[in-house]
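One chain, subunit A, appears in both complexes that follow, with subunit B as partner in the first and subunit C in the second.
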Partner chain A sequence: MKLPAKACHARTAGLGDMTMESADRRYGRTSRRPDGASPARHGVTRRGLLLATAALLVTTSGVNARVVTKVLPWKPNDAYPVAPVVPGGYLFFTASEAAVVEAFVDRLIPADDLGPGAKEAGVTTFIDRQLTGPYGGHDWLYMAGPFSENPLPSQGLQSELTPRQQYRMGIAALEAYCKATFNRGFAELAAADQDKLIAGLEKGAVQLPNFSSKTLFTAIYNNAIEGFFADPIYGGNRDMIGWKLVGFPGVRYDFRDVIDRPNQAYTLPPVSLQGRPAWGER
Partner chain B sequence: MWLRTLVLLLPLFSAGSVTAGPDNYVDIARGKALVIAGDCAACHTAEGGQPFAGGLALQTPFGAIMTPNITFDTTTGIGSWSADDFARAMQEGRRPGGGHLYPAFPYPYYTKVERSDLDAIYLYLRALPPVENRVNRNTLPFPFNIRLLMKGWNALFFTSGTFKPDPARSAEFNRGAYLVEGLGHCGACHTPFNAFGANQNDKYLEGNQIDNWTAPNITNDPRVGLGKWSVDDIVQYLKTGQNAFSLASGPMKDAIENSTSEMPVADLKAIAVYLKERGAEGPPASTPLAASDPRMQAGEAIYVDTCAACHVRTGTGVAHLFPKLAGNVVTTQEDPASLIRIVIAGGRAAATEGFPTSPAMPSLGYRLSDKQVADVVTYVRNSWGNAAAPVSEETVRTLRAKVTGAAPGE
Partner chain C sequence: MARRLPRKDVVIVGLGWTGSILAYELARTGLDVVALERGPWRDTASDFNIGTAPDELRYAVRHDIFLRPKQETLTMRNNPSQTALPIRKWGSFLPGNGVGGAGLHWNGQTWRFLPDDFRIRSHMIERYGQGILPEGNQIQDWPVSYDELEPHYDRFEQVAGISGKAGNIKGKIQPGGNPFEGARERDYPTPPLKQGYAQSLFTKAATEMGLHPFPRPSANISMAYTNPYGCSMAPCTYCGFCEWFGCANYSKSSPQTCVLPALVREPTFEARTDCEVTKINLSGDGKTATGVTYVDASGEEWEQPGDLVLVCAFSLFNVRLLLLSGIGKPYDPASGKGVVGRNYAYQTGSGALGFFNDAKFNPFAAAGSLGVALDDYNSDNFDHGPHGFVGGASITSAHTNGRPIRYHPTPPGTPTWGSAWKKAVKDNYQRVTNVGAQGSVMSYRNNYLDLDPTYKDPLGRPLMRMTFDYQPNEQKMANWMAERCQEIVKAMGASSTKLNRLGVPWSVVPYQTTHNTGGAVMGNDPNTSVLNRYLQSWDVSNVFVMGASAFPQNAGYNPTGTVGALTYWSLEAILKYLKSPGALVSR
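For the complex of A and B:
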């Protein structure tokens, strides 16, 4: 297939990927509803998808393509700042959902002699804000199926449920399980019982009513790690707790001063997108 | 028969010393070089507009002045001007009817240009295609809209007369002086203004602030001027927009891209010789702030985390790519405007044929508060041998408003 000149320009200007992404997103948006539809029912074939994507690439590239000559574009005051998460309250979780997540992540990364844990780091706030954003809806993923029951590892995510749905349904299932088994909610269980239950979820030994225990465990486990180590600007990793624990230097990107001194301690404190306390008050 | 020939030729001669025709290609080419040296296009071309068709709004402390159309369009440009009219505007700041031009048009400099050069410029401009572009020439508010006021201004601050070479100096020095003091009008930006917007002749080339950029001291002062630069360093800077010390940005980027990079190296060398030999004037040295000062400590933390990756922990930068900050005169000028605005808004270096890279610095204004910008700039001004007055949060706040478009003036 021969692409028109415009589409080629988009590629040479390095913008082809962007175009592809927006094309994917458009495609996904038209048929994202996870109704379990098979490809045959929709008539979506591999060839059809490729053609549709190429067509979108062509039709949208006129907007995105820009021929850059002489010097790279630059504008004063050009920046892509992330609006810092303001902690306090929850935007997605109900109070009881938040209590479950908080108790769960507190067992995954508990405060101990190495330092504060996921709860202190604000991981629940991080997950809450991520779920309200594009991640929560898997906005950039192809979500129209088919979804394999027994996917190969190389097939990646195979769930029709968005993270928002996974948390809402998964926590409800966990709470129903705890009420039935222990006669109280997950957050009220003793730490040892919580640990045992979490281990059961991870192995799939515990069956939640109408929800995959592995899916719930995997979601909270992965997001807890992300919240503990992502930049504090996203609401978790408060005071760079996670980075201090593992000795990660943060958003530094130049190590010429120390590269020739192997096996010596790196003494510079971590720095986040918003700096560090030594910068003075903002 | 010979009488008839004479009569036919008469109108040609009566038109003055300037003649039109294919024979004056040499003069036109010379005029073009002079127009480049004078960087006429910088002011007389609006952004995205036709060259020399005017319409750029020059911000002055008295209000905005729209630059006129200097193409030879008869109704909207200077198509009806004679060579004498043109010379009078350049040398005396007067229109053909006698009306006064504002000294935002640097006639106090152009008065030094020789008539033969003015005629060559006239011929070149006349050879360009006329562009119809009507410009509102009366945008100044009362009372500055009264052009007759300039009569008083001229009496106080304007001395007319062409350049007089100094016989005690070399021909090269005098050539440089003629270019810098005349057509190049370097002092228009690099000399402080008085309250009336006139350059202070007793502080000639000692630095100024223009459009929220620092125009540094370009005397031979070793601390804040060109003292550490050799003649070759200056030539390289003017020709390519960068040298081992610095990279041009802001208005000087434009001046280099449009003007000096296109000038003959011999003229640039003459300019450099003149600037190096003219003399050195600068404020007395100040002592650097103590490293224990809280502003210095916060500034150092910000510098190490934010700036050192390119400008290097010891302020040495990377030659020809990331400007050196240690000993860079922009860092130690009394006026910190350029330092502050480049941290906030970012900056882009000049792109010339000799140095097309045009490295850019990202904007950090979104990441640093006014206090943090003040502290990091204060740290840069007082480290690695630099010494200059600390910068206040208030200064940063005012400038940020201007350079981010939050307030008029940019």
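For the complex of A and C:
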């Protein structure tokens, strides 16, 4: 017997109605083949459940539509959280790539009188973990060809390269450029030289071997801003450094008190999806 | 080969605002209703749990709840001489996906269009003469008047619990409301939201300038409310995670908060999610829809027969489904003939940022439709004679959020990175506010939608091609509006300002607005419209098409209020149709 639960989507329907039979809830009455006998038509009964189960027995190719009828299919405490990033090591970058990225973001958002910068915020870890996920492969984007050689600027992203490829190829090109020009890697350059080079990449004035300098700059720049200001659950913005810099209180989700006191400074510390360090481990 | 399912009375394509309202109202009469939704089911309690909902990266940057371009996108170009390329990553607009549709992630600004907007062509010619109309325009009057829609606007506002202040009740101007609005039967169901510091400066400055500011109508509601469907909402907490997010507080009107709890209890209603309708099937003579074909998540194909097909997807995808189904003649800009895809329009955005020496705007204490607006420069509320453009804009002071990945304004001339950038970001986060103009876009011969000759979706069907640019009329209007915004923000006390003109050519890269309109417009003439005045297809009388795709051109407002009103307007006609099927207007 093929259990319906196995054939359901990952989000197996749970039922909110606590008076429902437990077996009914377990089997996820809300997922079934559209041509199957509908338990809904027979009310919430054992008989309805048996009919639904029978329908699933005779059709074995899988349940691929979710059917909702009679009740909203959520259950208490159901949520779809993101997996918190656990810092330590790199999953995508090699050690030398990570060193380049770390040096790069350290110049984009440096530690200074105003406080820590991107490096201290864990931005390199943030980027590394983002690259291993759907973002890194442009998994959700339209990546079918043909790819145009001459897109209009108004047509936006038209590159075949995924962020993973941009980083891998772009960093290699940057390192090749630095070795040829300065006889050492980017991370070993003096800060002033790094700044000059980054400005050249941004403007497209520096030509990297076989790689668009603007593409590399834009990738690191956008991801650095994201990593500095995104919720710390993604591995960057450590200790809510970015939020403290500007005074963003995070995910408190209730600012009725602030609306009632216009033009007054907000003084409470920020809170992230995982709370605050003072609240201890979650 | 598609497998055939048992017949239903009503097949609804897409379960957002329009689909859920129609499903509920029709299931309530005892009809067998199935809604087919290509995205997932979404519930407030689980999908927008308060412990996961306020996540800027996930929703506003990575677009977790939106339609994934991989599943469907469009190709775009600015004019017919160019080669369209796919929008690989959403930018300028951001279509929703799943149950709730765009009604889930919207800001919640819920406007009524002005009486003049519905007869803009006739009105402009009467007041200014033919010469005022821009070159290449295809502006046309709506086939329905404000007065006809008024009770339906009211019904949508009651269902959505909209918070606002009436400006005109039965012809009597109400202090504190919008004096330009059309006459309403009664006030909004809930009072306006509270406003922030910037809005108090704006109100004072605008009033002193002789303008007429008022709190904009909001679907982030100000107090607990139970709607006519028995669905309950809670007061907005100004959390600042509204547009692009689902609301964890049940404070933002959406199908989830306002309709679905009542709808799912209807015993004759059923929703199937992860089911993409690929085609509306037609009888041999092409005059009757027999149902739809859809593909489930495994790629398996099903045929769902039905007596009535209601097309309730996002405006752009309504148009594509008509094109793919062969309902209505596709529009050809060269000959000017055909109707499906004709009169695609959009929205302008312009304005001015104000930098203040000493202010704490607390931009994070916000809501998607918090804000004070004025309509002195909208529609034809001002003399267009000296300006030589058609259309107008609502001008607003608003903070919708202070989420820092996207919101960290810096003054012009600030470096883009380094310590100087960091200092500017820190110094300006609290001291910047915007006055913005959201303007109308007229319809033109060369702004249109059709099927792309090259690019396909994963099911092998052609993507839709969007050909669009801001025409000189819209550029002139939006840039004039930006100057008005700058005057106001200066009067508010800004020490310096940054003028934001309309970006041309129109680009898919920066986010602008998801107010895509037209392509399946309503009208009185079947040669220039896809739908009659009841949103019924001229060609296939058991197909009705909801949504902003029916707008003949776009007004200077967010579209959802009018989309809601049209839905109830059409519902009345559908109920009539069900008693005596056939064309409600003869060709």
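Please note the rule applied: the second predicted complex is superposed on the first by the 195 of 282 C-alpha atoms of A that agree within 3 Å, B and C clash if a C-alpha of one lies under 4 Å from a C-alpha of the other, contacts with A are read in each partner's own complex, and residues count from 1 in each chain.
Here is the rule we go by: a contact is a pair of C-beta atoms (placed from the backbone, for glycine too) under 8 Å apart; a residue touches a chain by one contact, two chains touch by 3 or more.
For clarity, every value in this text was computed on a predicted model and none was experimentally measured.
Novice: Looking at the overlay, does A:79 come into contact with subunit B only (first), subunit C only (second), both, or neither?
Specialist: Once the two structures are laid over each other on A, A:79 reaches both partners.
Novice: Is A:71 touching the first partner subunit B, the second partner subunit C, both, or neither of them?
Specialist: Both partners, subunit B and subunit C.
Novice: Pick one for A:221: touches subunit B only (first), subunit C only (second), both, or neither.
Specialist: Only subunit C is touched by A:221; subunit B is not.
Novice: Using the touch definition from the top, say if A:278 reaches subunit B (first), subunit C (second), both or neither.
Specialist: first
Novice: After the superposition on A, what does A:158 contact: first (subunit B), second (subunit C), both or neither?
Specialist: The answer is second: A:158 touches subunit C but not subunit B.
Novice: Now for A:253: first (subunit B), second (subunit C), both, or neither, which partner does it touch?
Specialist: both
Novice: Which of the two partners, first being subunit B and second being subunit C, lies in contact with A:268: first, second, both, or neither?
Specialist: A:268 sits against subunit B, while subunit C stays out of touch.
Novice: Applying the document's definition of touch, where does A:135 land relative to subunit B and subunit C: first, second, both, or neither?
Specialist: second
Novice: Pick one for A:172: touches subunit B only (first), subunit C only (second), both, or neither.
Specialist: neither
Novice: Subunit B or subunit C: which reaches more residues on subunit A?
Specialist: After superposing on chain A, more of subunit A is contacted by C.
Novice: Of all the subunit A residues, which ones make contact with subunit B and with subunit C?
Specialist: Looking at subunit A, the two contact sets intersect at 70-72, 74, 76, 78-79, 81, 252-254, 256, 273.
Novice: So in the complex, which bits of subunit B are touching subunit A?
Specialist: Per the touch definition, subunit B meets subunit A at residues 294, 297-298, 301-302, 304-305, 308-310, 312-313, 344-348, 351, 356, 358, 360, 362-369, 371-372, 375, 403-405.
Novice: Quick check on the complex: what are the subunit C residues that touch subunit A?
Specialist: Residues in contact with subunit A: 3, 5-6, 40-41, 43, 45-47, 49-58, 61-63, 68-70, 73, 76-78, 82-83, 85-89, 91, 194-197, 200, 237-241, 248-249, 260-261, 264-265, 267, 269-275, 296-298, 300, 302, 304, 359-362, 364-366, 402-405, 408, 416-419, 421-423, 425-426, 429-430, 454-456, 505-509.
Novice: Give the list of subunit A residues in touch with subunit C in this complex.
Specialist: Touching subunit C from subunit A are residues 9, 11, 34-35, 38, 40, 61-62, 64-76, 78-82, 107-110, 112, 114, 117, 134-135, 138-144, 146, 148, 151-158, 195, 198, 202, 221, 225-226, 229-231, 233-234, 242-243, 245-256, 258-260, 262-266, 273.
Novice: Which of the residues in subunit A end up touching subunit B in this complex?
Specialist: Result: residues 70-72, 74, 76-79, 81, 252-254, 256-257, 268, 271, 273-276, 278-282 of subunit A touch subunit B.
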